[in-house]
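Consider the two complexes below, in which chain A is the common component and chain B and chain C are the respective partners.
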Partner chain A sequence: MTIATLSRRTLLQAGSALLASTALPTFAFAQDAASGGRLVVAADSEPKNLNPAIVASNGVFFVASKVIEPLAEASFEGKDGLAPRLATSWEGSEDGKSVTFKLREGVTWHDGKPFTSADVAFSALNIWKPLQNLGRLVFASLEAVDTPDDTTAIFRFSRPTPLQLIRNALPVVSSVVPKHLYEGTDIATNPANVKLVGTGPFKFAEYKPGEYYRLAKNENYWNKGEPKLDEVIFRVLPDRAGAGAALEAEEIQLAAFSAVPLTDLDRISKVPGIKVISKGYEALTYQLVVEINHRRKELADLKVRQAIAHAIDRKFVVDTIFLGYAAASTGPVPKNAPEFYDASVPTYDFDVDKANALLDEAGYKKDANGTRFSLKLRPAPYFNETKQFGAYLRQALAAVGIDAQLVNADSAAHQKAVYTDHDFDLAVAPPVFRGDPAISTTILVKSGTPAGVPFSNQGGYANPQLDEIIAKAAETVDTAARTELYKEFQKLVATDLPLINVAEWGFITVARDTVDNVSNNPRWAVSNWADTALQS
Partner chain B sequence: MRLVRNLIGTPEGAIGLGILVLLALVALFAPVLSPGDPLRIAARPLLAPFTDPSFPLGTDRLGRDVLAGIIHGTRTSLAVGIAAALAAIAIGLCVGLTAGFAGGLVDEALMRVVDAFQIVPSFLLALAFVSVIGASVPVVVIAIALGAWADPARLTRAQVLSIRERDYVASARVIGTHPVEIALREILPNALPPVLALSAIIVAAAILTEAALSFLGLGDPNVVTWGSMIAEGRNVLRSSPSLSIFPGIALVVTVVAVYLFSEGLTKTIGRGRRIA
Partner chain C sequence: MLLIVVILTFGLLESASGDAVDAYLLSIGGGDATVAQALRQAYGLDQSMMARLWVYVSSLATFDLGWSIAFDRPVLDLILERLPNTLLLMGSATAISFGLGSALGIVAGAKPESAVDRTLSTVSLILYAIPSFWLGLVLSIVFAVQLRWLPTSGIETIASGKEGLARALDIARHLVLPVGALALIYMALFLRVMRSGMAEAWQLDFVLFARSKGLSRSRIVLRHVARNALLPLVTMLGLQSAAMLGGSVVIESIFAIPGFGRLAQEAVGGRDAPLLMGIIVVSAVLVICVNLIVDLVYAALDPRVGASESAG
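What follows is the complex of A and B.
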């Protein structure tokens, strides 16, 4: 069954169908679901570069993780929260200067060539370290990768690199690509960045811009009996309102990454045959954060920051803006990271009187209009919820006499204004917690990051004590000692409030009942879906 | 005054003017009709309309009063619509007058600029302008005016071209009147009426453009507008359609009123000319 025949059928149907969505191919699957079947999934973006070894982002992983595999994947049950993929074991040395990976035997690339340690060494040294957005950080001091035999790769670091960090980063940073296709070429423009070749359960079959990605079953997958599905199709549905309707019409069977808006979940959960799942994003926790520009005299005052923290009603944010699909935050590490999370940090209850008292104490009295001072507030435009929280924050601040003027901008303009030009007083940002504070969280508060680096501390906050803890944790090899340092880090951030953590949330998957094994690992949407199946 | 009387004489003009006066009163007295910040969180979120007498049209997703939003939105819509139309007509008149009266190279150059602005879809122009400069009410007004001044400019020029050959203009020239004085005192007053008839259409288009910009999140986020209310409501369209319907009705009523008014105005001016 090929797409060509489907398109023809679609054309025949299009005449009678009134739905606007039939402009895209309508995949009729119910009658084809016999052996394995075809899973049709909503996709909302089409990344230009689909190579997860270069661009470690969720939009890329969503499609590419089925084709290109990491050394290990996140897992609910596995040791250290990991399940082996291309590596079967990993071990760090005492001094933290080397990590030895044992690789899986009998794995072949989709083009038939064998997978060896040379591919891992090439990916690490030529792509992850120099080119990848997150690998740059994790593998900053990687010097060499020794390959004594085809199934052993020994990573050698110039400075101690904690195994805990490498482990937590593995699912995200370690996508292995074939050396024989990339060696000696310009990696950034290699055609294999679009037409992927990997070792995963699905082969990259076809991409029609604006319409769909088609992945086909890899008959020679190393784990016999997998994948269960014959095909996975990512149908591009850029309109968020379209995913819910497409699920109801059974045009797609799964919509991940909250493609169905939160406000629609209550209604769609009551539709027979559709399930709403909030599991499966534990390792992709987003945090709702108020970024603060400490260059502003008023905001440099800790009392004012505490007052703002007290002025925010986290319960309202969770219940009304996120409709309950979120949790209130206590500090910079989310509850979904139990390895690091520390609940015993200073917290800020919703208390308008206390906020007013703190502001009075700080010397900012209300004027005749009841206003103490004005601020420029820039909510990030990426999510509906960040924009709504911006509107809420303006009202919450008005209640304590701070006049916040909202400034909306598109993504590019917002990032330039906040992270390059520092043209903000407060900003609402949704950073992601990526499994280890060293990967994505410490950069939000440590000093010394040059202007222009997005999603970093650009508020001019500098705290030598905090910087020291961060620097020490980066080189502490002992897992327990390192974890302890990050607990200290959380306490200090919650006390000194370089930024205010408000809430944390994961995404929601909505699927038809016929899809099995959904959300069975903490990064499910961006994992390989080898065991995902369709009931026929 | 006679113009107004004639205007009320036509049914379209009477209805349009009536609604517009009402809307203007609502806009003017918005702080009295619904005191306080219309964007403040006033009650339980998603209160259904017609259930609570203190919030007759219900509340939106954050618990903001929908009626207060519509009342204050009248202000923004009318202010932006009228200001943008005034700006567009002012620019259009100046350019058209200069081009038509000066003629020659100046005319050619100015008309090519007008061509350029007429070719670019005005909404795209506004969109690009606002997203580059940043959203605030004055920027939105300028953005809309930028896309709307070309039509009045062209119309003014055509009028001027026909009027400047009339005998009374020739006689003014013969007795040595300064060209600027001729342009402003002899030509402009006679070229104005058709341009004014166009103005109502520009106001209506400006109100719609403002709503569309706000709908796309490019309006001023610190003031409430009907477009942003409709956009907010779109997220819950299936469960609470009233959040989009009420501001939608307000928008439709306003634009229809402006069109009726412009119909009436065109008819009145036409009749007035026949009498003269």
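What follows is the complex of A and C.
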């Protein structure tokens, strides 16, 4: 959720907090003075491979982003929405076939070796492109990386690759790892994938499986005066109630990624010394989506899809399931991607009569029991909210005469049933919008993805017109023209409904008041925390 | 015996939809078909079920527990890392529930149907009926969050650098709540068995004889009635040790203790066949060991169980 999509009340709160932090001199003083200390944070998963260059996922970034840095990080204020990290500037060529990165000087790896353009070239060609889950797509046509000197890396592409995409993807796909530790080894099983070596503000110190990760201050960090903290500890708390209790007992100081369940937020926000923050997740917006299996005759009918869209009360979903910590969606691009977002798409008001009329029109009359047809509905089990929405959708569909059979399964079984076996009619999914539609959004609707790929179009939908827009945008170098194509893309998706976008949300951070500089960038939880501090 | 356990587990896990690669791809937020293919190949998941079972069983025969897919580490390492925590948790919970349960059972059984007996029986039944997650959470809220006497979770203070006795005390402090929650629940079982055993023993001839001899009541209770009622309790202990190994999942999750139960849960979620089977094999061996010990104790307690019987 972003500042742009929040309810007004939360928006005002966030705004005043921001004002207070800059306006009050005492507060500002505290932020400067605070230094040192150990920040203990709740973590709910322990990725087996912690290397963000290979696994670009939020679970990995949460810990690894403090140790291994990308070329640039997302930023609220920076040009193009970026703040430089290991790269200080980037420039694309006219033909879109090369991007030149100027790299930061005087950076050393945690083991003392200097960081150079060779590390960037190695990471890009040997890891991001061939091995990384998202990089395989973004760097698909990367051919070579020239390194004329130690601080210049020129990426050369075989086909025009939009700078806009590269820019938007940088925070996620460009984690640089040391060449000298990976070269000539089996990258997938390299011990440095667990015991990370990077250039970041914190060094990887210790991992006790099932208990914690400990990161220690990097005394030689390139940005003098940072990091503020001496240590960051990620404490593994698997139980949903555990993080809240540990925060109240002051055993941990921060819980990100909604580790404190939404239903507890109201109570915990009243506990003195604890703040609830909904900022800081703008660049990792999750979307609540109804996936549709177009192989079902009824669902292949646009009128039926429109009827389903009209049957869903988005306001109810936002207010009751997300307790206000979400926004209603209009299409496949969330509002907090203002660069691409287009509000002028067809929308579907909550209108049961209209839904019924559309279904009648489509020729699916109600039988004696008031039922038109039955469907198999599979809600994804990854979030409480996806499961709850599944239960809601069943009721909402019943109101228009569609009998949805709810099938709940655990993660692995859900993945197999929906994305490999296509054993569903409707499914509820939470895909992520990662700053650019080409990274993980167009794959949700374009055709031609083989079975077995999670978070992709497995509903058998194929629309040549949409495929063409997506293919064209992938090669359009001009930023304005490319943005225009994605606006067309949004309109077409909202019109033809290959899937139904219901709501979009970011996560919630709960922290003790003593933690300063929380949520000050759009990917805060997965950024480097160099300026995060503890008041003593 | 172990082979049957292994094959059954393998079949069960195989019948669950989705494999380890499905679970992994989800955890990293997606990936393309080539990645999935490469991973399946790397873990041998592209081979037939019988082929994989054969590979597993034959390596097991050489005491090789295999490689965990979900953790990318040797199964044996994972188990050895987690087992001590669970043994500590379950061992202390069993000891306390056994000790407290039998002691209270003696109190209750000393005078069956008395007010004391009824109160103890009711309270223990209520405790037994409480779900362990609820009791765990309530204890944690009261003693860790509100009163702050004890830590909310974990097995020891993080990166405390404590050694020796200080560390042992620290671990003990962390174990008070989880062990308390488990012990309170399991205590009821021992209390009930002890009490009913004693109630029965009061009717037996040798107790009548002891009473007619004019022995003091306390001597009758302890030497004759209680000792006789202890036998089924020991049997119960053997059975319970198995149940406790599995029953700790919830408590381990709530109190964030890296133990065996949680590992098993993660193994199922990650469709990690080698790890889950490793856990089951080790559990089976443990249960067999405990029952062997129980049999030996039995022989010591009951002179009728002779050497010939325990050997058989």
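Just so it is clear, the second predicted complex is superposed on the first by the 501 of 536 C-alpha atoms of A that agree within 3 Å, B and C clash if a C-alpha of one lies under 4 Å from a C-alpha of the other, contacts with A are read in each partner's own complex, and residues count from 1 in each chain.
We adopt the following convention: contacts are C-beta pairs under 8 Å (C-beta built on N, C-alpha and C of every residue); 3 or more make two chains touch, one makes a residue touch a chain.
In this text the structure is predicted, and so the values were computed from the model without any measurement.
**Student:** Between chain B and chain C, whom does A:G59 touch in the aligned arrangement: first, second, both, or neither?
**Tutor:** Second partner only, chain C.
**Student:** Does chain A have more residues touched by chain B or by chain C?
**Tutor:** C
**Student:** Where does A:A368 make contact in the superposed view: on chain B (first), on chain C (second), on both, or on neither?
**Tutor:** neither
**Student:** Considering only the touch criterion stated at the top, classify A:T263 as touching first (chain B), second (chain C), both, or neither.
**Tutor:** The answer is first: A:T263 touches chain B but not chain C.
**Student:** Could you look at A:K416 and tell me whether it touches chain B, chain C, both or neither (first, second, both, neither)?
**Tutor:** Only chain C; A:K416 stays clear of chain B.
**Student:** For A:L406, using the defined touch cut-off, is the partner it touches chain B, chain C, both, or neither? Pick first, second, both or neither.
**Tutor:** A:L406 contacts chain B only, not chain C.
**Student:** Touch test for A:A480: chain B only (first), chain C only (second), both, or neither?
**Tutor:** Neither: A:A480 stays clear of chain B and chain C.
**Student:** Once the structures are superposed on A, label A:A343 by its partner contacts, choosing first (chain B), second (chain C), both or neither.
**Tutor:** The answer is neither, since A:A343 touches no partner chain.
**Student:** Examine A:A398 and indicate which partner it touches, taking first as chain B and second as chain C; both and neither are also allowed.
**Tutor:** So A:A398 only meets chain B here.
**Student:** Per the definitions at the top, what is the overlap between the chain A residues touching chain B and those touching chain C?
**Tutor:** 241, 409-410, 413
**Student:** Residue numbers of chain B touching chain A in their complex, please.
**Tutor:** 37, 39-41, 45, 61-63, 131-132, 134-135, 217-218, 221-222, 234-239
**Student:** Would you pull the chain A residues touching chain B in the complex into a rising list?
**Tutor:** For this pair, the touching residues of chain A are 241, 261, 263-264, 266-267, 320-321, 381, 384, 387-388, 390-392, 394-395, 398, 405-410, 413.
**Student:** State the interface residues of chain A toward chain C in the complex, per the touch definition above.
**Tutor:** Its residues touching chain C are 40, 45, 47-49, 55-60, 133, 136-137, 188-189, 206, 208-212, 214, 231, 233, 235-239, 241-242, 245-246, 248-249, 251, 382, 409-417, 420, 432, 440, 449-456.
**Student:** Quick check on the complex: what are the chain C residues that touch chain A?
**Tutor:** 16-20, 22-23, 25-36, 42, 70-73, 78, 81-82, 137, 140-141, 144-145, 148, 151-155, 158-159, 253-259, 262-263, 269-271
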